Amino acid sequence: MEQVSLGTVLWYTLGAYLTLSIFSFLYKDNPFYRLAEHLIVGLSAGYWIAVLYHQSLVALWLEPLTNGFKAVITPGGSLAEESGRLLLSIIPGIGGLIMFTRFFPKISWLSRWPIAFYLAISAGVALPLYLQSFTVEQMRASMIPLGGSLSVVLKDLIVIIGTICGLAYFYFSMQHKGIVGGMARFGVWILMIGFGSTFGYTVMSRISLLIGRFRFLIDWVNQIAGYLK
Amino acid sequence: MKREIPLLIVLVFGVFMAFQYFVPHRVSSNIYQEFNNWTIIIGIFTMVIGIASLLSVHYGKIRFKKEGWGYSYVTIISLVGMAGLGLFGGMENKLFINLYRFGLSPVTATMFALLAFFIASAAYRAFRARTVLSTLLLLAAVIVMLGRVPIGEIISGWLPEPLQLAKISEFLLYVPNTAAKRTIYIGVGLGVAAVSLKIILGIERTWLGGDGK
Amino acid sequence: MNGEQKPHDGFWLRLINIDRRWIYLVIGIVVFVPILFPIGLPVQVTKEVQNVYDRIDSLKAGSIIMIPMEYDPATMAELQPMAYAILRHCFSKGIKVISTALQIEGVTIIKNDLELIAAEYGRKYGEDYVFLGYKPYPGIVILNMGEDFRKPFPRDYYGNLLDSLPMMAGVYNYSSCAMIVNINATSGVDYWINYAHTRYGAPLAIGVTAVMATDYYAFLSSNQIFGLIGGLKGAAEYEKLINHPGLATRAMDVQSIAHSVIVIFILVGNIAYFSSRKKKG
């Protein structure tokens, strides 16, 4: 094992201390856990600020804005075109700054404008695409010709009938009696199998996360061993 | 005015974005890209507001000495410290990276790792085969849990293929699970379309908040 | 009614009402010990993972794949091994990679992961791989990338103009990439399906956490995605396919034992419940 520096050991020890602090919650709530909990909130928010600034604000707004101003005040080039580009940089910035009016009750109604814009873009984009992808494509996949071996036909039939019956279960405009009731009941069985499968995979997911944490603690011990060698 | 202009914005831009999907012309595409970019930029400021709100909450806790106010110092100091390091030192700053790797990362990861213990406890205490439906759910869960990991092969590998746990779990995932999730997605697609239409047409107005405020 | 307390009655009730911290302790031991003493149980490959491997393997050197990665410290344990395996496959074949990190808390991890695996194969930044970085609102970013990567990402993570990177010459959007393999721990995977695939027709495979995996079999069945890698098990399968057993493969022993114990918990819990009910009745 290569020689480990004291700095690395100390950092790993910090990580291990915080890991064990969170694990201590399993015994009961305690100040170590709460300290770690509040620390993460602060570190997270600080990290977000740094990433938002370096990764997004500079490249998407500050830089085009300053370049736009430079282009306009520098002689040469089409003033109309350069002014147009500058305006395209200024408008979203104004929209973003208007959001801060939320902190001033008298003018907070102005913040509705950028919110409205954001909602319009999100809703407008989502409308055709979610309908196409989630509804139409999934329905298309259910309208399959039945062919091939017996097992393939049976599987496809179960998928088709299961989908229709599941939809029947969620159709609340009609009483679940008679044929519709029977379909809804079968639909629920199919849904329960689906949720059971999800639970089985959820267990796998959670155990995976725990494996990751224990591995980190083992790495910490290995780092100390490496340093003491 | 305070409500009408936002509703008009939602209608005009929402309709444009919805119809733009069907208009592959270059001009329409350029406008669409520009609007998308504006949304991202506005979004950056919105996230900053979220962080400002967080600071405000913790400052209030300290000021009025609410329960656990001492911990709020930890939050504020770590926030300011991490932000300062990142903003002025850059994202490649060693201290910034180490605080991320050995401060932020272990705590976040461990918080989620706790769920492993909780799910085991829940499985023991609450997972009961009381009804036909819960039995179906339980059976499906057990088959998938064992069938999708190597132990399923060890337990049932000697059985004929259709009875092996791996094959049964594959069947469960590809057939009834697919049908179940398909049902849900068809519903979700219709729901998203309905809500989007309601927002664009101004029927859904809860996002406007209180009257005149 | 029999007033005498039989030990049998108390036993089942005590078992049902056992302090949950004993259950935590058992789970802790059951997960920790196999990490220290691995068994080496064999991993079986499923067709949904095989599909991803086959598609990537069919590409020639110099092809470009987009591998957007959206995981953070909370889900790193599940998705990082998957990312490593896929990146190793790509870099070993000389396939070029474009990546983004649209989950804000995962930016630093993903950058490090790319650099680490690229260095293993001697791959150079800007020539063999490009990391675009982060922008907020993944849905909108995904839509804009479908038109031109340069619109949401005029510069890459390191601040280089995209046009200054040799690999990005003539590479504009998804149609320049052979496929997208999205490794995602968030609901943002829906955006990749709805926007990148449905709108722009990009061939798409996804690698998701096990919690989410069952939801996407419906998209596999409808051919909206051509492959699905679910959780640490999926990562272990991919490691087997590239013949590079790693963290995920070693974790399968632990998963097997932990799952067995939880199944035993469920059985014991039910037996205890029904026995205590019988006694009460």
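Labels A, B and C are assigned to the chains in the order they are written; within every chain, residues are numbered from 1.
Everything that follows uses one rule, which is that contacts are C-beta pairs under 8 Å (C-beta built on N, C-alpha and C of every residue); 3 or more make two chains touch, one makes a residue touch a chain.
Everything numeric in this text was worked out from a predicted model, so none of it was measured.
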Of A-B and B-C, pair with higher C-beta contact tally: A-B
Longest centre-to-centre distance from chain B, chain (CA-based): C
Rounded Å distance, chain A centre to chain C centre (Cα mean): 14
Inter-centroid spacing, chain C versus chain B (mean Cα positions, whole Å): 15
Distance from chain B to chain A - Cα centre to Cα centre, in angstrom: 4
Per-residue overlap in chain B, given as positions that touch at least 2 other chains: 21, 36-37, 39-40, 43-44, 47, 91, 100-101, 104-106, 108-109, 111-113, 116-117, 119, 123, 138, 141-142, 145, 148-149, 173-174, 177-178, 181-182, 185
Residue list for chain A, restricted to those that touch at least two other chains: 26, 44, 47-48, 51-52, 55-56, 60, 121-122, 125-126, 129-130, 133-134, 138, 141, 159, 194, 197-198, 201-204, 207, 209-210, 212-213
Residues of chain C engaged with two or more neighbouring chains: 24, 27, 31, 74-77, 105, 107, 135-136, 140, 143, 152, 199, 214-215, 218, 221-222, 233, 255, 258-259, 262
Touch list for chain B against partner chain A, complex: 2-3, 5-7, 9-18, 20-22, 34-49, 51-52, 54, 68, 71-72, 74-87, 90-91, 96, 98-119, 123, 132-134, 136-145, 148-149, 169, 171-190, 192-193, 195-197, 199-200, 207-209, 212-213
Of chain C, residues touching chain B in the complex: 16, 20, 23-24, 26-28, 31, 41-44, 46, 72-77, 105, 107-109, 135-137, 140-141, 143-144, 147-148, 151-152, 199, 214-218, 220-222, 233, 252-253, 255-263, 265-266, 268-270, 273
Chain C contact footprint on chain A (complex, rising order): 26-27, 44, 47-48, 51-52, 55-56, 59-60, 63-64, 121-122, 125-126, 129-130, 132-134, 137-138, 140-141, 159, 194, 197-198, 201-205, 207-215, 218
Complex interface listing, chain C residues touching chain A: 21, 24, 27, 31-32, 35-36, 74-78, 104-105, 107, 133-136, 139-140, 143, 152-155, 157, 159, 193-195, 197-199, 209-211, 213-215, 218, 221-224, 230-233, 247, 251, 254-255, 258-259, 262
Complex interface listing, chain A residues touching chain B: 11-12, 14-16, 18-19, 21-23, 25-26, 34-57, 60-61, 88, 91-93, 95-97, 99-100, 102-103, 105, 108-109, 112-131, 133-136, 138-139, 141-142, 155, 158-163, 166-167, 169-170, 187-204, 206-207, 209-210, 212-213, 216
